[in-house]
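Questions regarding the structure given below will be posed in turn.
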Amino acid sequence: MSRNARRGALAAATVALTLTAAACSSSSGSGSSSDPGASSSGSSAFQAQHKGGTLKLVAHAAAGSFDPQVNYTLQYWQLFQSMYDGLLAFKKVGGQESFTVVPDLATAMPKVTNGGKTYTFTLRKGVTFSNGKALTTDDVVASFQRIFKVSSPTAGTFYNGIVGADACLKTPASCTLPQGVIGDAKANTVTINLTAADPEFEYKLAVPHAVVVPKDSPTKDAGTKPLPSTGPYMAASYDPNRALKLVRNPHFKEWSREAEPQGYPDAIDYTFGQTVESEVTAIENGQADWMYDAPPADRLNEIGTKYASRAHVNPLTAFWYATLNVNMAPFNNKLARQAINWAVDRSAVVRLYGGTNLASPACTILPPGFPGHVESCAYTKGGGTTWKAADLAKAKELVKQSGTAGQEVGIVTQDDDVNKSIGQYLQSLLTQLGYKATLKPLSGNIQFTYIQNTKNKVQLALTSWYQDYPAASDFLNVLLSCASYHPGSDSSINISGFCDKGVDAKMQAALKTSQTDKASADKQWGAVDQSVMAQSPVVPLINPKMIDFTSTRVGNYQFSKQFYMLVGQLWVK
Amino acid sequence: MPEPLLDVRDLRVCFRTRQGLVTAVDGLSFSVAPGEVLGVVGESGSGKSVSMLAVLRLLTSPNVTVSGEVLFRGRDLLALPDKEMRAVRGREIAMVFQDPMTALTPVYTVGWQIAEAIRAHEQVSRKEAHARAVRLLSDVGIPDAASRLNAYPHEFSGGMRQRAVIAMALSCSPSLLIADEPTTALDVTVQAQILDLMRELNAGGSAMVLITHDMGVVSQIADRVLVMYGGRAAEEGPRRAVFHGPRHPYTWGLLDSVPRVGGPRLRRLPTIAGVPVAPGGIPEGCAFAPRCRLRHDLCEERPVLSGDTHLDACWLPSGDRAGLRVSARDTEAAS
Amino acid sequence: MTLSPSPGARRSPGPWRTAAGDLLRNRTALAAAAVLLLVVLASLCAPLYADHIAHTDPFQSHVSGTTVVDGKTVPVLTPSSTGLGLGVTPIGPTWDPAHYFLGADNQGRDVLARLLYGGRTSLFIGFTAALLTCVVGTLVGVVAGYAGGVVDAVISRVLDVVWAFPVYLLAICLSVVLLTNGLKLGPVTVDAGSLWLPVTIIAAIYVPYIARPLRGQVLVLRNKEYIQAAVGSGAPTPRILRREVLPNVVPTAIVFVPLMTALAMLTESALSFLSVGVQPPDASWGTIIEDGLGLLYTRPAVTIAPGLLIALTTAALNVLGDGVRDALDPSARLRGGV
Amino acid sequence: MLVFALKRFASALLVMFAISVLVFLIFFATPGVDPAARIAGRNADPATLAQVRHSFGLDRPMPIRYLLMMRHLLIDRDLESFVNRGSRVIPQIIQATPVTLSLVIGAALIWMTAGILMGTAAATLRGRAADPLIMLVGVVGVSLPAYWLGEVVNLLTQKQLHDSLFSWVPPPGYVGLGQDPGQWALHMLFPWLTLALLYAGIYARLLRGEVVTALNEDYVRTARAKGLSERRILLRHALRCSLIPIVSLFGLDFGALVGGAALLTEVVFGLPGIGKLTFDALQNLDLPVIMGTVLYAAFFVVLANALVDILYARLDPRARHA
C-alpha cells in the first residue's frame, strides 16, 4: 500500500504462491555465503544460546494499518509471520521450501472433499491468544467473517469463492457466511465450502488476511491498535510516525517448528522516519540491525565492497514492466507497441536499477523460475531465447510502418530515484524513436491508482508486479485479462487495458486445466505468456533482486522466498 | 568685554562628498560672553547649524573634518578626549534642535528621557531624577507636569514637545544653550511662547546661541547678532547696531525682506536676488558677490571681517553704507 | 515585511535618471550585475557548449554510452566490479571540457551541459515569476488601496488567506495537485509538465508580499492633498491612477523585482528539490540537485555545483536589489525568509 | 479595544475557515486523487472498493464530506489518517510539535543573537572593512538554499569528514529533550545552524539598514547632545527603535516556522516535525493529515500576526493609538 521509500519498488505485497517447489532452483542466496543458516532446509533445532536481545529494525516510513486482515504490504506481512497464524502457513525456513504450505492452527492439512469444494480442518488445542484467551472454532469463523466486515483488500479476489461471500461483499455488516465457514466446537473442526474448486485456496489460507484473531476483535480496521496474536511475538505499541515495538507473547508455546517457530530476540523495535541514507549509516555503525528500504544507489558500491559479508542478495520472482495503453494512440497500434519492446535496452534499465547483480533483463511476463515460465525472447537483436541487445533500427522501422511517429506520448512513473531515472530513460528513448515524449513522475502512492484509471489517459506507465496474486494465473490472468479491466475505476489492474478474446479464452482454459493437471496447465500458461507478448501490451524490463543489509551482530539470516527475511529467526546474541 | 564663555576661532568644517571636498564653514570666528544671547542668522546652507554642531562635535560622519579652535571656558573642545567632551555636552553646553517632532526618541516617555539626561551627568537616584524632571517640565510651562511626564513624545503637541526638549536641555543647568531654529517648526502663537520661555531663561543667567533665519526673532531676543553667508561671517555686532546700521549688503537684504508691522505697505516684499550659494559653489572672493548689486573688482578677493565691536566683511567703503543701501534699493526697485 | 511609504513620495523631475546615476556609481551593485550578466550569458550559451564543445545532448540518456578519458574509451556509467558488484557509478569530473567536464549524472548526461541548460530554466522561472508577482501584486495593491471599501475588504481577506499559509506549504500543496492534473483556469491552460506551472505557482504565492505593502502605500497616497485635490476636481480615476498614483508606486515595485527574482529562484529550486517543481525532461538547478542527491556519496559534484550556482546568482540578485533599492526607494523592504 | 479584539478574532476565524475550504477543494475536487482505491489496497475488486468508499463517507456529497471531516477534526477530535489507518491526526500533530519547537526555538535563539550582533556591528562599523565583510556573510546566508546546505552539511559530517573532524556528530534524526538532553542538543546542532544561517542573514541585513537609518535620526543627535555615551546611544536609542520592525518580522517568521515552514530543514535532517509530517502527508495525499497540519500552520500564522500586532503596540507607543 503506502511507502515513501526512495525506491518504492516493493510497494505492493508479495505473495509467492508457487505450485512446484522445484521450479526455482538457481541463484538463491547469492552473496550470502557467510550466513550459516542461509540455505538451511528443514527446521533446525532452537539454539537457546542465541535467545534474547533486542533486534532493531529501521524503515523510512511505516506501512499503515497494523490489522493483519487489512494490511497488504510486504513490510508488515514479513512481521505478521512471527505474530499471527492462520489455519495453514508457509513453512518458516529459508530457501525453496519456504513455498511449502504446512498446517499451522490446524493439526493437519485439510481433508478436501466434494470435488475440491469442501475443506475440513481440525483445530489445534491449547493455543492461546496473547490476551490470554484460548483459541476456539468461534474465533476462526469470526475471523473469516471479519475479512469481509473490514473490507479486506483481497476479500473480493481471494475469498470470494467461499459460499455466501457474494452477500458479504454486498453488505459486509451482516456477514455470517452460514454455509461457507462452519465451526463445530464439539468436534473442534472448521469446514469451509467453496462455490467452485480452487487449486490455490490453500495458499490463500496461508496469507495474513486469513489469520485468526479473537472473535471479539472490532469489526472495523484495527489501525494502530494491534490485535492479540497467537504467534511468538505480539505488538506492544504502534505509532506509524515513530515506532513499532514487538515483544514476546507470554502465552506462546511452540506447537510446530516449521509452521511457527519460537523466535530468538526478546524484543523487536522497528523505528520509522529516518532518511534512507542515515539508515545505511546506522547499520554500518551498528546502531540498527536491518533496514527495510532498498539502500540508495550511491551506497550500493560501499555495501557491496566494504560490507560485503553483511549484504544478502536474493532474486525475487517479480518483474518491472512498462504498460502500453492499447486503447489510445499511438499504442493502439500493434506495430508501435512492438517497436517499444524492440527498442528498450534492458541492460540500461538494469544499470539504472543498480547493476547486473541486482537485476536481470526480462523478456517474459512470468519471471524466471516461476511456474509456466518459458525461456523465450520475442524482442531481442539477433533472436534467441534470452535478451541480448535492443534493436533500435528495427524499432524505428516499425514506428515508421505504424505511422505514429511524431505523436505525443505521456509517461507516468513514480517519483523515487530509480523509477524516475528509468522513466527518464524511457522518455529519452521514445524521443529518439520520434515521439514527443513527456514524463510525469508522481508520488508512489498516487501513481499506482492514477495509472490504472482510464480517465487519466495514461499512455505509458512504469510499474512492477511482485507476484501479488501468485502463480502463473495471477501474473497473466490478473494483469492482462478482460476481467481485470475496469474502465473509469482507480482499481483496474489491467493497466494496458488489454482485452483479447482469444488470449482470454486460453487463460480460462489454463485455469480449468490447473484444477486437475498443474504441469500441463503451466505449459498452457507459458503459451499464453508468449501470445500476450506477441501483442506487446506490456514491456517487461527487469527481474529485480533484493538486498538485505544487516549489522555485524546479526546471525542466522534466512531468506524465505515467500515472505523474505525471517525476522523472528535472526540472532542478535 | 568680559572673558568670553565660548570663543570660536577660525572654525573650518569640510565635507567629503561625491563632488569633492566641500567647505561648509570657512574660517568662522565669534564669541559668546556669559549671560549673553548671540543671534546667528543666515539663509539655509549658510553654515550656521553646521558650525554649532561642530562646536559640540556632533558631526559624527567620517566624511567631515573640523579644524580651528573652540575654546569653552578656555578649554579647546575640539582637542578634548571623547569622555570629557561628553561631560561638556548636556551639562555645560546644551542644544535644542529645530524639529521637536523628531528630536525625542519615540519609544520612551518624556520623563524618562529628561531623567536620562540628568542621570548621564549626575549621580542621582531614579526617584530624584524623576522629581527634577517634573520640576523642569513645570518650569518650561507644561501644565500637570507630573502626569505628562509619563506621556510619550507623540502624545505631545509640537509646542509642548519643544518645551520638553528645552526642559531636557536645561536639566543640568548648562551655562550655554545653543538653540537651532527652536521656533521654526512651530505655529506662530506657539513660537511666541517659546521665545518668551527663552527670554526667561536668559534672564535667569544662561548664555545662549540662537540660530535662526528669522530676523524678527533675532530682533526680539539677541544681544548681539552674527550674520552668516556661505559659511563665513558677513557681519557681526550688537543687535542695535546691526538692525539700525547694517553694514553688509546681505544684511540689508535680510532686513528688507522682513515685513514690518505698521511700516509702509509694499507692493511686494523685496527679496534678495539670485539663489543662496550652495556649499561647494562658493566663489574665491566675497561669497555674496554674485548676488550683490554693488559688487566691484575688489570683491574678487576675500574680504576680512573687520571693525571694532560692529564688524563686517565687505569691500565697500566703510563710510556711507546707509547711503549705498538706499541707492541699491532704488536700483532694484527700478529694475 | 512592510513597506513604510516614503514621506516625500512625490518626486522631482527625472527621478529615473538620478536613480540610474546612483546605481551606476554603486560599485558593489555593478559587480553584482556583472556576475549576473555572466551567469545569464553562460546559460544562453548552453547550446554552444553542448553542441560544439562537449558534443552531447544533455536531455538524452547515455546509460550505456562511452566517453574518452586520457585517450582511453571508458563507459559513462561503470557498474561496480569489486566485492558483490553492487551499484553503478557515473563518471566523475574529468576537467576536460570536451568530455564530461564535471562528470555525468545517473543517466550518463553531461553535468556541465545540464547546468548551463538548467540555468536557463532557473533564470527564466525566477525572472518571469518575479515580474508576474510584481505586476499582479502592484495591480492588486493599487486597486485595493485606491478603491477601498468592499473591494479592499475582499482583496485584503483573500490576501490574508494566502498570507496565512507558510509559503512553501502553499506552493507544495498547489504543485502536488496541479502536477497531477495541470491547471485549467478559464481560457488559460497550463500543462502539468510546463515550466509555466511553477512560474504561476511561485508568482501566486508571493503576490501578498508585494500587494500588501503597496496597498499601504496607496492608502497613504490616497489621503495626500494633491490626490484629494485631483479627486475633488473631478479628474477621472484612471487618469489619477496613471498620473498620480502609479508613478509613486512603480519605483517601489521595481525595487522588489531583483529581490523577488532571488526569492523565486530559491523557491523554484526548493520545489524542484522536493520533486514538485520543474519536471523532467526539463532541468533546472533544483532538479539537478535532486538528481544529484542519489549520487551524493559517490559524485558530490553533481549536487554541489548547481547549489553554488544558485547561491552565486541569488547573492548577486540580492546585492543588485539592494543597490536598486538604495537608488530608487530606500524605504522599500521585502519580507525575506522562507 | 474589546471590539477590536473581537473583530480580529472573527477575521482570524474567517481566514481559517477559508483555508480549510480551500484545502478541501484543492484536494477533493480534483480528479486523480480519489483516496478510495488507495485505501482499499492493490487489486481490490469493485465491490470492496465501493464498501471502502462508503465506509469512509467518500460517496457523500462534497459539503457533507467537508462538514464530516471538520467535525471529526475539531469536535470529536478523532479524525484518522487515510494512509496509516487508525492513526489519529491530532495526536500526530501533538507529537510532531515538540520536534518543530526544538528546531525553531533553538535556531531562533542563534539567528536572533547572530543577526543582531552582525547587523549592529555592521551599522556601527560603517565605512570600515568589517561592514561589507559582515554584510557579505549576510548575503551568503540569504542566498544559500537551506536544503542544499543541509545536504552538504550532512555530506561533510556523515561522510567526508565523519572519520576525522565530525566523528562526534550523531546520525540525522531526533532525540527527545526529555529523553537525553545532551543527545538532543547534539542532534539538533546542525539543523539549528543550517536554519539559523538563512535567517541570521535576513535579520542582519534588515537590522543594519534600520540602525543606519536610526543613527541618522534627530533623536540620536539629541541623545548625543545630552552627553550620553555612544554605547548607550546605540543600545538604548538607535537599536531599541530599530528592533521594532525586526521583532514584528520575527513574530511572523517564528509563527510560520512553527507552523511548518521549516519543512526543508526537517526533511533534510530527518526530523519528524510538523513540516515533515505535512510533506509526507502531501506526498501521500493523506487529506485528513494535510487538513490538520495546514489548519495548524494557519493557526500559528494567524496567531503570530495577532501577537505581533499586540507586541508592536507594546514596543512602539506610537502604534497604540493608531
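Letters A, B, C and D mark the chains in the order given here, with residues in each chain numbered from 1 onward.
Convention: a contact is a pair of C-beta atoms (placed from the backbone, for glycine too) under 8 Å apart; a residue touches a chain by one contact, two chains touch by 3 or more.
Note that this is a predicted model, so its numbers are computed, not measured.
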Higher-contact pair (C-beta pairs counted), A-D versus B-D | A-D
Select the chain at the greatest separation from chain B, using centres from the mean of Cα atoms.
-> A
Centre-of-Cα separation between chain D and chain B, whole angstrom = 54
Chain-centre distance (mean CA atoms) for chain A and chain D, in whole Å, is 40
Cα centroid separation, chain A vs chain C, in Å, comes to 44
Give the residues of chain B that touch two or more other chains, as numbers and ranges in rising order.
-> none
Where chain A touches two or more other chains at once, the residues are 277, 443, 446, 450
Of all residues in chain C, which are in touch with two or more distinct other chains?
-> 176, 180, 293, 296-297
Quick one: which bits of chain D touch chain B in the complex? Just the residue numbers, please.
-> 127, 217-219, 221-230, 232, 236-237, 240-241, 244, 315-318
Given the complex, residues on chain D that touch chain C span 11, 14-16, 18-19, 22-23, 26-27, 30-33, 132, 139-140, 142-149, 151-152, 155, 159-160, 198-199, 202, 205-206, 209, 245, 248-249, 252-253, 256-257, 259-261, 263-264, 267, 278-279, 282-283, 285, 290, 294, 297-298, 301-302, 305
Given the complex, residues on chain D that touch chain A span 31-34, 36-38, 40-49, 51-52, 55, 80-81, 83-88, 92, 95-96, 154, 158, 171-173, 270, 272, 276-277, 280, 283-285
Name, in rising order, each residue of chain B that touches chain D in their complex.
-> 53, 56, 58, 60, 62, 82, 86-91, 94-95, 97, 99, 102-107, 116-117, 120-121, 152, 154-155, 165, 168-169
Which positions of chain C touch chain A when the two form their complex?
-> 59-61, 63-64, 77, 79-80, 82-89, 106-107, 176, 179-180, 192-193, 275, 279-281, 293-299
